[in-house]
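Paired with subunit B in one complex and with subunit C in the other, subunit A is shared by the two complexes that follow.
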Partner chain A sequence: MATASAAVRRDWLVGYTMVAPVVLGSLAFVVLPLGMVVWYSLHEWNVLANTFTFVGAENYQRMASDPGLADALAATVWFSIGLVVVNIALALLLAVLLNQKLPGTTTFRTFFFSPVVVSLVAWTIVWSFLLQADGGINGFLEQAGVQGPNWLRHPTTAMIAVIIVQVFKNVGLNMILFLAALQGVPEELQEAARLDGAGAWRRFRSITLPLISPTILLVSIITIVGSLEVFAQIDVLTGGGPGNSTTVLVYYLYQQAFRFNEFGYASALAVLLFVIVLVLTLLQWQSRKRWVFHEV
Partner chain B sequence: MSALHPRTRRTAGTAAVLGTALALTACAGGTDAPVGEPETPSEPVDLRMTVWTADETQLGLFQSIADAYVADNPELVSSVTFETIPFEDYTTALTTQLAGGNAPDLAWIFESNAPEFVASGALVDLRPVLEGTEGYAYDDLVPSALSLWQDGEGLYAYPFSNSPFAMFVNTDQIEAAGQPNPVDLVADGRWTFDAARDIAAATAADSGKQGLVVRDFDYQAWENLATVWSGWKAAPWSADGTQCTFTEPEMVDAMTWFHDAVFTDGALPTPGTTADFFAGDAAMTITQISRASSLDDSFHWDIVPMPEGPAGKQNVVGQAGVGVFAAGEHPDVAADFLAYFTNAENAEQLAAYFPPPRQSLLNGDSLAAANPKLTADQLEAVVVEGVEDAVTKPAHKNFAKLSETVRAELDALWVEDADVEAVLADTCSAITPLLED
Partner chain C sequence: MKSDVKADTTSDVLSVAGRGAPAEPPGAPGDGVTRDGETGGAAPRRRGLGARARGRLTRWLLVLVLAVLSVPFVFPTWWMATSSLKPMSEILRRVPTIWPQDPSLEAYGRVFTLQPFAQQYWNSLYIAVLVTIGTMLVAAMAGYAFARIRFPGANALFVLVLVGLLVPSEVTIVPLFRIVNSLGLINTHWPLIVIPVLGAPAVLAVFIMRQFFLGLPTELEEAGRIDGLGRWGVFWRIAVPLSRSALGAVAIFTFLKSWNLYLEPVVYLSSKENFTLPQALTQYVDAYGGPMWNVQLAATTLTVLPVLAVFLVAQKQFVQGLAHSGLKG
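Now for the complex of A and B:
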């Protein structure tokens, strides 16, 4: 008996020692900061004057009447919708095309994946040159006889440009995830369906899509959460402009904290962002039962 | 996957670090106490000054002055470090250091942020130290240069750089286009903004490059347009900073002139076009004379004073201050070092890059000795006269928000078919609450 309990205790000790680093790390760098952000959000904090005053829910009340926040949320919604739709559709299309047993597919896979490993800021700076009024993209369009717009200086084209730059940066990662899922679809099922007379589209819709649905869920969550964290691209390409057309929530938060020194209000915005991400993730997680065929 | 979003996490992380340090900064304060003669610390201290220059020769000069101070005061200071923070993120990085309880002892401060920093109580009053330092000659400082950095009787930063804005011209390009040399127009009294626009447009058409570049404006940092609209005696807000004046006729005229010069005459680069005068991409540029050091001998150039506008000639000077943070660990030692760093002798050395606010040094010969690229005549015409009655670029105690809001509103102006008056009216509606804050 005594030996058994000693063994249990040893297992217990080993187990907790193993998880201790990650638990302590999460507590120190995730849970504690999150708690402190909530605490700061209840204060007015002026860095220059060195004042830190408790103001209760004032920062949260201010959100309701802040037109800048409404604009930022609208910009965030447009950006997220654009990014998620284009990114997932393109990633799936590329994955299906590159899943064919044809010569050269490895080269193309490498080609589409390579932006993922390029430094984000370097990638964006190169694009900022390409997107100038007399930049590479308009030069190319001119060869084709089309007068390109001044991409980053009009609200609509600026948003489109930021979305496209972000899609090309990360579509390769989603493509690889989809490719892995596609290659896990059993060939026998496809063949059986083919024998039953199903066409390519029918097989894709009724066999492939349901079988890769867990990956679609994963990719959707990653992409939506990723779309809410876009910052460097906005900072480098548009600085939130023209007007406030590309000032998304994270950029707005950054402005409040680090440009306007409104650390209290910015903390409240960070809490809002956290809640939005949490709710979206839970919604997707809950809805998986309805559209995810099986869970891996 | 974690439900906590990475960005939130990062912000939270930063905030947590800042927060833990809050208690420390709270203890380190003491802004009301003026600094005086430094008490000898128990052991020599290390001082740190944040700057935005990364120029090796400038940093070398600072270090040599600092080393001499350390040699003279070994009981006070063991080292002085100059920490470069990139220009674009300077103020953001500085305030982040303050929030993190890691205040530098001394820091350069942009003129735009001057009222905010001066009013905040973050800086110590330097006047008692400067006045009390033997041989400093406080009375030699030009009063108009100090005004932005004062609050009541106190002086909260020393404007070490008073660099007038002037027009650099690429005489090769202008000559090739058969345009008159601006130097001759200055002599004839015909050097106006209209003349500059016409020369710029004609030269750009001839060279296929750009005409006139308002340096650092880039359709973002709108405060740099002060160099233009000052010729119309226009200003973004009233002198006391409470009323928006973007809709005043002078400003409407100035902005209409600018808009037409860009979109109708092609005299200035359109939005999204980058052109560097110093790389030979443009015929003319409006910038501070301290940029003369960027010129090599790849083309012939000259420098002329700012042109006259409809309201005459208005000199504009770009300032930068250096202050001592109350939250720093050794404000008294830092202030003593600043008094040494900017004394008459060292100001003369610094004048090579930063025209000093000292009457005795503001003459062509003194400045020419320090500026090998420019002649005494050029310096006399541009710097000495340029500092007289000069205005500074817009500044306000709420500048950070104003800057961003005006930038967002003026974006509507930088399109070909903009309604100038309507955009300026919108700008005033947007910034009026901020001015009243």
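Now for the complex of A and C:
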């Protein structure tokens, strides 16, 4: 008995040793910082003035009456909705087209996926040149007889530009996920519907779409969560402007912390961001369960 | 439970996505008929020749649609690479030229004289390599232990680690900055190497490795134990070699994530010789603060093309590896 127990204990020790790096790392770089950010959020902290005073919920009260934050949340909602709608629609269209066994499908798939591996900052820099008032996009539009706007200098078009650049960068990933879902739709169903005289659009709407809808929901939530973490694109393309029209929540947080040195208030904003991501992620796990249920 | 559900769907999607071009197994009943029937390519016999010709036309129209849709995905990269060879006057022409009229490598020379670009390139490369190797090691060990070894508290520790999946890097950037600062490691590469390997970014890799080992049959490992291998021996000699595909996926998305990291270098680094590539790319401005397009495009080309070339060679692995990370978001 004693030797067996010693062997088991040795096995435990191996287990603890193997998980030690990531467990200790999580404590030091995830759990501790999360606790610190909550603690900071209860303080008025100006790095330059070197003041750190406990103020209770004052930072959270300030959030409620901060017009800058209201604008940032509005920008975040617009950006996320725009991104999800355009991204999902385009990803679905590309996946359906690639699923038709047309000539050149493999090449097109490579084309659509390639921006995913291009450095985000590089991709954004190239688009920022193309989107200048006298840049390539407007050059093309002029050829077609359209006078293009100064994309990055008007609030509405700047937001559109940020969304479009982000969509083309990452839509290839969602396209692959949809393609996988489409290939899981049983052929027999399609065939039966076709024999019943259903046209292509009718079959897509009544068979394909319901069967892949759990995937659509899942991918949508993943895309929304991802959209909340958009930083480099905004920083390179618009710097949050013009005005504050593209200052989304994470960019506002960054500005408060590292431009205005308002670490306390920035921490309260970080807590808000964390709560939003937490809720969305729990929704995602919920939808994952339903997705699996559907497949069974 | 949640996590198991998650993993099953992950591998499901990937096994299908990984099949490459949507080529169905040849024996799939009714397959060609239905799919092609939709666009008419192999229309059933009872339809007339007219219908068949119309189907053919539809197919080629769809190919045309795909070609047009490809433009915004391919053109920026093409324009970047070709414009880096153009003089400023040609870049600024209203309608972009597809091919440089008078190609010159002048901009590439200036990339290296305006900034310590070779040093910055090396910084990005060695940081990404260290982070990738470190993450593979940490994730393989933790994933294996969480999947195979029953030790007290394993579940609680796993849940603790999973918290990292819920925390965007922006949430913890302020306290991490304070921690790094109090350790005197601001403007060094330490935070860009240690935090990704041990902190939140490694959690997804741990998760993927655990799911992989859970799905791996135990027979080989048991045989190894009978042959006298201990836990570590089984891990190194049997489990790790068997997990090459999962480790490959981890390596690809970890490398790309580190190579593209932007927020953290901007926050932690302050001097140009310490910069990494994404940060350095934004720094090419002339004396008046205006961007120097051709120089900047030459630098971005040097950043992008090697990765793109590797992607073209190992496309299948890239798509699988990134779809793994994409599922998490």
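As a working rule, the second predicted complex is superposed on the first by the 251 of 296 C-alpha atoms of A that agree within 3 Å, B and C clash if a C-alpha of one lies under 4 Å from a C-alpha of the other, contacts with A are read in each partner's own complex, and residues count from 1 in each chain.
Please note the rule applied: a residue touches a chain if its C-beta (ideal position, glycine included) is under 8 Å from a C-beta of that chain, and two chains touch if they have at least 3 such contacts.
In this text, all values refer to a predicted model and were calculated from it rather than measured experimentally.
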* Asked: Which partner does A:243 contact after superposing on A: first (subunit B), second (subunit C), both, neither?
  -> first
* Asked: Taking the superposition as given, does A:228 touch the first partner, subunit B, the second, subunit C, both, or neither?
  -> both
* To do: Could you tell me if A:283 is touching subunit B, subunit C, both of them or neither one (first, second, both, neither)?
  => neither
* First (subunit B), second (subunit C), both or neither: which does A:57 touch? -> neither
* Asked: Touching A:48, do we find subunit B (first), subunit C (second), both, or neither?
  -> first
* Asked: After lining up the shared chain so the two structures overlap, which partner does A:146 touch, if you call subunit B first and subunit C second: first, second, both or neither?
  -> neither
* Applying the touch criterion given at the start, work out whether A:81 contacts subunit B, subunit C, both or neither, answering first, second, both or neither. => neither
* Residue contacts with subunit A in the superposition, subunit B compared against subunit C -> C
* Does the superposition put A:70 against subunit B (first), subunit C (second), both, or neither? -> neither
* **Which superposed partner A:89 touches (first subunit B, second subunit C, both, neither)** => neither
* Asked: What part of subunit A is shared between its subunit B contacts and its subunit C contacts?
  -> 29-30, 32-34, 36-37, 40, 134, 222, 225, 228-229, 231, 250, 253, 257-258, 263, 266-267, 270, 273-274, 277-278, 281
* subunit C to subunit A touching residues, read off their complex -> 2, 5-6, 8-9, 12-14, 16-17, 19-24, 28-31, 33-39, 41, 59, 62-63, 65-67, 69-70, 72-74, 76-77, 79-80, 91-96, 138-139, 141-142, 144-146, 149-152, 154, 157, 160-161, 163-179, 195, 197-200, 202-203, 206, 230-232, 235, 256, 259-260, 262-263, 266-267, 277-279, 281-282, 291, 293, 296-297, 300, 303-304, 307-308, 311-312, 315, 318-319, 322-323, 326-329
* **Touching residues on subunit A, where the partner in the complex is subunit B** => 29-30, 32-34, 36-37, 39-40, 45-50, 52, 131-135, 150-154, 221-222, 225, 228-229, 231, 239-244, 250, 253, 255, 257-261, 263, 266-267, 270, 273-274, 277-278, 281-282
* Any idea which subunit A residues touch subunit C in the complex? -> 11-12, 14-16, 18-19, 21-34, 36-37, 40, 93-94, 97-106, 108-123, 125-127, 129-130, 134, 136, 138-140, 142-143, 168, 172-174, 176-177, 179-181, 183-184, 187-188, 190-191, 194, 200, 203, 222-223, 225-226, 228-229, 231-232, 235-236, 250, 253-254, 257-258, 263, 266-267, 270-271, 273-274, 277-278, 281, 285, 288-289, 291-292, 295
* Asked: In their shared complex, at which residues does subunit B touch subunit A?
  -> 1-9, 11-13, 15-16, 18-19, 22, 25-26, 29, 31, 92, 95-96, 98-99, 116-117, 120-122, 219-220, 270-274, 327, 400-401, 404, 407-409, 411-412, 414-415
